[in-house]
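Scroll down for the structure; my scribbles are underneath it.
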Amino acid sequence: MTHINVGVIGASGYTGLELVKMLVKHPNFKLTYLANSEGETTADELHPSLKGVCDLEVQKASVTQASNECELVFLALPHKTAMAYVKPLIANGVKVVDLSADYRLPLYTYEAFYTEHTDVANLEHSVYGLPELFRQELKSAKLVANPGCFPTSAILGLLPFMKYRVEHTPIIVDAKTGVSGAGKKLSETTHFVNVNDNLFAYNPLMHRHAPEIADKLGVDFEEVNFVPHLVPLTRGMISSIYIQVEGDFDEEAVLEEYYKDAPHVRISKVPTTMKDVAGTNFCDIYAKRKGNMLFISSAIDNLMRGASSQAIVNANIMMGLAEDAGIPDIAYVP
Amino acid sequence: MTHINVGVIGASGYTGLELVKMLVKHPNFKLTYLANSEGETTADELHPSLKGVCDLEVQKASVTQASNECELVFLALPHKTAMAYVKPLIANGVKVVDLSADYRLPLYTYEAFYTEHTDVANLEHSVYGLPELFRQELKSAKLVANPGCFPTSAILGLLPFMKYRVEHTPIIVDAKTGVSGAGKKLSETTHFVNVNDNLFAYNPLMHRHAPEIADKLGVDFEEVNFVPHLVPLTRGMISSIYIQVEGDFDEEAVLEEYYKDAPHVRISKVPTTMKDVAGTNFCDIYAKRKGNMLFISSAIDNLMRGASSQAIVNANIMMGLAEDAGIPDIAYVP
Amino acid sequence: MTHINVGVIGASGYTGLELVKMLVKHPNFKLTYLANSEGETTADELHPSLKGVCDLEVQKASVTQASNECELVFLALPHKTAMAYVKPLIANGVKVVDLSADYRLPLYTYEAFYTEHTDVANLEHSVYGLPELFRQELKSAKLVANPGCFPTSAILGLLPFMKYRVEHTPIIVDAKTGVSGAGKKLSETTHFVNVNDNLFAYNPLMHRHAPEIADKLGVDFEEVNFVPHLVPLTRGMISSIYIQVEGDFDEEAVLEEYYKDAPHVRISKVPTTMKDVAGTNFCDIYAKRKGNMLFISSAIDNLMRGASSQAIVNANIMMGLAEDAGIPDIAYVP
Amino acid sequence: MTHINVGVIGASGYTGLELVKMLVKHPNFKLTYLANSEGETTADELHPSLKGVCDLEVQKASVTQASNECELVFLALPHKTAMAYVKPLIANGVKVVDLSADYRLPLYTYEAFYTEHTDVANLEHSVYGLPELFRQELKSAKLVANPGCFPTSAILGLLPFMKYRVEHTPIIVDAKTGVSGAGKKLSETTHFVNVNDNLFAYNPLMHRHAPEIADKLGVDFEEVNFVPHLVPLTRGMISSIYIQVEGDFDEEAVLEEYYKDAPHVRISKVPTTMKDVAGTNFCDIYAKRKGNMLFISSAIDNLMRGASSQAIVNANIMMGLAEDAGIPDIAYVP
């Protein structure tokens, strides 16, 4: 079988590492181009755990070289930096899965919460890479905006129940994330002593993932109340969601029906746990109703379903491959 | 100065240990009686960290002996076991601070959520030991029902804002607790491997602390939506609270005004963190409003303000002592 | 390609789970038989993280059934229980990889440190499953005694340097292990509160893995000084080893030469870290000399190289397969 | 009773915080001067956990001001920075407890392992602040060099057994420390993701605390083999020590006799644990012999006995106060 050549720009961070880990084992993709902002190193020098697994050279990022060597490129870059690569890559006919926020939002919303957008043309044609919502559109997409981690867990938990929601009542998403979500950057927030034995909310009601959740659910931003919390563990994310519902339904049956064709969503009979999804692309969802209040617990691995494995699922779909090709389903348990 | 003789029944658990740690340093109380269900040991044999600090004999629990040796007794026992001690102790004229759930709820609610109550007479005269709510009543109380940990954090967070709440809208308390809240008992839930790198909700919308929160706030049980989560750390608890509000107010000003005379509540300008209260009786509270949604973060040490140090504050008030006598205010930071 | 049918007896524990996780993805083995002491469940009921991955029925363990359905059986059972299965399985012509201690030691040593041995005949023909020592013998083995986790890390670290060791000087192995090494059993030692923020040695100088280390290195038991410590993390093990050496050598060159044909040993230029081997069969080794003292740091995943993945490597060799067939090499990093 | 005015220069770090926590509760010292390199803040702004406890102004460090306001000053500064303060403070007649390495070693050794020494005169008169070794000299000391954390735990463990040690055989100290030992500085080593679920040795056989251990024990530096390891927890330190011994003795009896007058050393019958000393000035020691090998486990809180509480004990002795005045003995357990 012939392989499809793919590249990763942004090899240094956690999501870059996760991409490499999957791509070197992928049955259909061949990782032929790996780059970061400096180059002059190798995959296993950057990430010692890859020793004996991948010693691919890491290049200084170049659009030309990426375009010559790859049919599809994954961008694991900060927002704003990403769009500077997307524009020429797309112009060169390279398909792109962008893991940044640059192509996830309508222009107006993006500029209100992030920065000026310099690639509006592509923004209009990008597809939001949540397969459960846009599987059809992804098949012909040239540019995929890979969803944020919080929105992935929140939206997947909410979607099946939106038709039972009492309109205009608040949607509350109390999210908990492991520290890898903060990236490799050194900061007070990632110092071990400040995280261990600790827990705290940050950016309450003001986090930039709130408009992304609202936009994809088709509700007003004011209705989404999103508060993330930092938890002393490395990977994983749980969104605890509260909405007011009406009508008769069985929580589990609604979930089973909605996700009956989704290979990467699992319905739980007990509240979801982070560990059961760590290292996989699964989103585990549990729901429980009391009166007109519905509690939903939605768990993902923030680096996988919340970033890199979802990116590869998207690439699989874009390339006409099996949706789960090369996607790990064995969790880091125990 | 003369000391007041006090005792602790239930010396083996975490809250028993915390009581001992404070009582051996207390300026006015003298710990003269320490008991558990078996006796025949000493404080430092039960709790090796007390070596060189307290080698008091641990007795097999006896109401007679406790009544002879103490003016006031702390009960750190499971519910149901506690009431069997309260009845005769009160009859013997001993004052009691009961850390169990036995005297926290109206009879009907107690029996619906716990078990049959066999000491209704005392139940009717017990005072709920949240000083910020019942300081006056505590001064003459003979029996104090020490609040649950979750209700302490939730109620203290909610009280100042109840007058701004839109009536009959849901009160959502998404709580996170360290593992010491589950006690010393061995269970799947406290096995290190099941907790480390993990996080999950338990008893969602059905936990027995929900009616306690509702009762003390004077709202209907159906309006309180309470979901606790277990977090991989030892001590500490944060309630993330969401309510719908109306009217004009400044969040911080409301908190400062409400708690201007409360020595053990601190108002935070940033979201509260568990570590800043660990080892102390402080409740740290932060609030942030967006439109008509109010987010409140209320942090306590579950074993201290959520149990043992609050119990000693209650005893201080019952005995006419300074409210903060013997109460630690130096947090376990870093 | 035809598959080789294999079974696992002992499906409930951590090592049983790890076996299942690898066997369901193995290119040559087919997991046809899965058993524990009770049966009447499925793989994903026992281990919820396997939902959507493996719903194989878990049987009540039966030698007859295992013999009928499998060419090779993995035993993930406690010592003493294991030998009761080994005897009849071997008699039935089934190959066995035993993860217990039952066939690791000479009779005299086994009975001194464990219990009476009831299968001496097979004990004499078992092969110790450390491929780096006994690759040749494993090829024709019918019964493999899978090494203990501590001995695996200690022996692999020591082997290359034994010829430089000053004879009869002490071998010191100060080992650190994650909590999964203690198994799923509930005990004081595995209660989260006792492990988190804590660290302690246990069975110092008296642990049963010391004679196993001594036997395989061919030194007197008295010369091996082994002290394990419990560390607050889930998986991983590092042996910090100290020996007195003589002669001229370059530490790294000795390691590179000794392990030049070992696919699952990696030589480190910096002290080894647990995370870089978590989830893999790698043993990472680092050495540093100062005068006549040599420090060696040897890191493995206690459940993988220390148990289950090494078991599958052994089975691969026994069956004439590629040594690394189905063996994960992608670490749980970050 | 009159108070003794004391100051702390170096208020920002963990040891500075620990000093403040003890000094605000000290029965005889009054904290009148608090400084760091920038000033213009308060104690509770620097350390939010101090809110409601200490709002003392933090000054920009000034020798003149410190000399005017204090009889004794604690320096919680990096080495080299410290000596620049010591010289003028001593010249001004102020007593100093220096928590840095600047006055711990003989000149030659200091300059070999650290940097040029610019205050040799005071170096010659400084007293090494390990009360169990130099209690007598401390009484009249003007300048105390507070010991390093690793040396404190190693030396206290070794001292009682040095007379049984086989001369010139290796002393092995395999130490494990929590992350607070690395200080507040941001670095790869303190990033949560690199520490959590991880463990590794650093500076093996080459750490600067090795010569300090050798010097105070009076043995050759070459005989001390010291390897520290970083453990995923915040505070605490255990030295696992291995020496070769001869002669008949009972391990526990030796310890009990040697430390019979030491209020801050506890002898353990089981291997010591970090948690039992966290938050206190205790050093817990356990010893176990097998043949001529002696294993010693010595546990301290690295920030307390390993730094700040030992500093205050030293100040107590210098000022003729009770040795344990203001010294916490209640551990952070659970």
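When the chains are written out, they are named A, B, C and D in that same order, and each has its own residue count from 1.
Rule of thumb we're sticking to: a residue touches a chain if its C-beta (ideal position, glycine included) is under 8 Å from a C-beta of that chain, and two chains touch if they have at least 3 such contacts.
All values derive from a computational prediction rather than experimental measurement.
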Next on the checklist: Between 0 and 180 degrees and rounded to the nearest 5, what angle rotates subunit C's CA atoms onto those of subunit D?
Outcome noted: 180
Checklist entry - Greatest Cα-centroid separation from subunit B: which chain? => result C
Next on the checklist: From the mean C-alpha coordinate of subunit A to that of subunit B, what's the distance rounded to whole Å?
Outcome noted: 40
Item to check | Inter-centroid spacing, subunit D versus subunit B (mean Cα positions, whole Å) | outcome: 36
Item to check | Whole-Å separation of chain centres (CA-atom averages), subunit A against subunit D | outcome: 46
Item to check | Residues within subunit A bordering two or more other chains | outcome: 14, 180, 193, 196-197, 232-235, 273, 275, 332, 334
Checklist entry - Any idea which subunit A residues touch subunit B in the complex? => result 170, 172, 174, 176, 178, 193-194, 196-202, 204-206, 222, 225, 227, 229, 231-236, 238, 240, 242, 244, 271-275, 278, 288-291, 293, 295, 297, 332, 334
Item to check | Complex contacts: residues of subunit D adjacent to subunit B | outcome: 14, 17, 21, 24-25, 47-49, 51-53, 180, 196-197, 234-235, 263, 266, 268, 273, 275-277, 279, 282, 303, 329-334
Checklist entry - Any idea which subunit A residues touch subunit D in the complex? => result 14, 179-180, 184, 186-188, 190-193, 195-197, 232-234
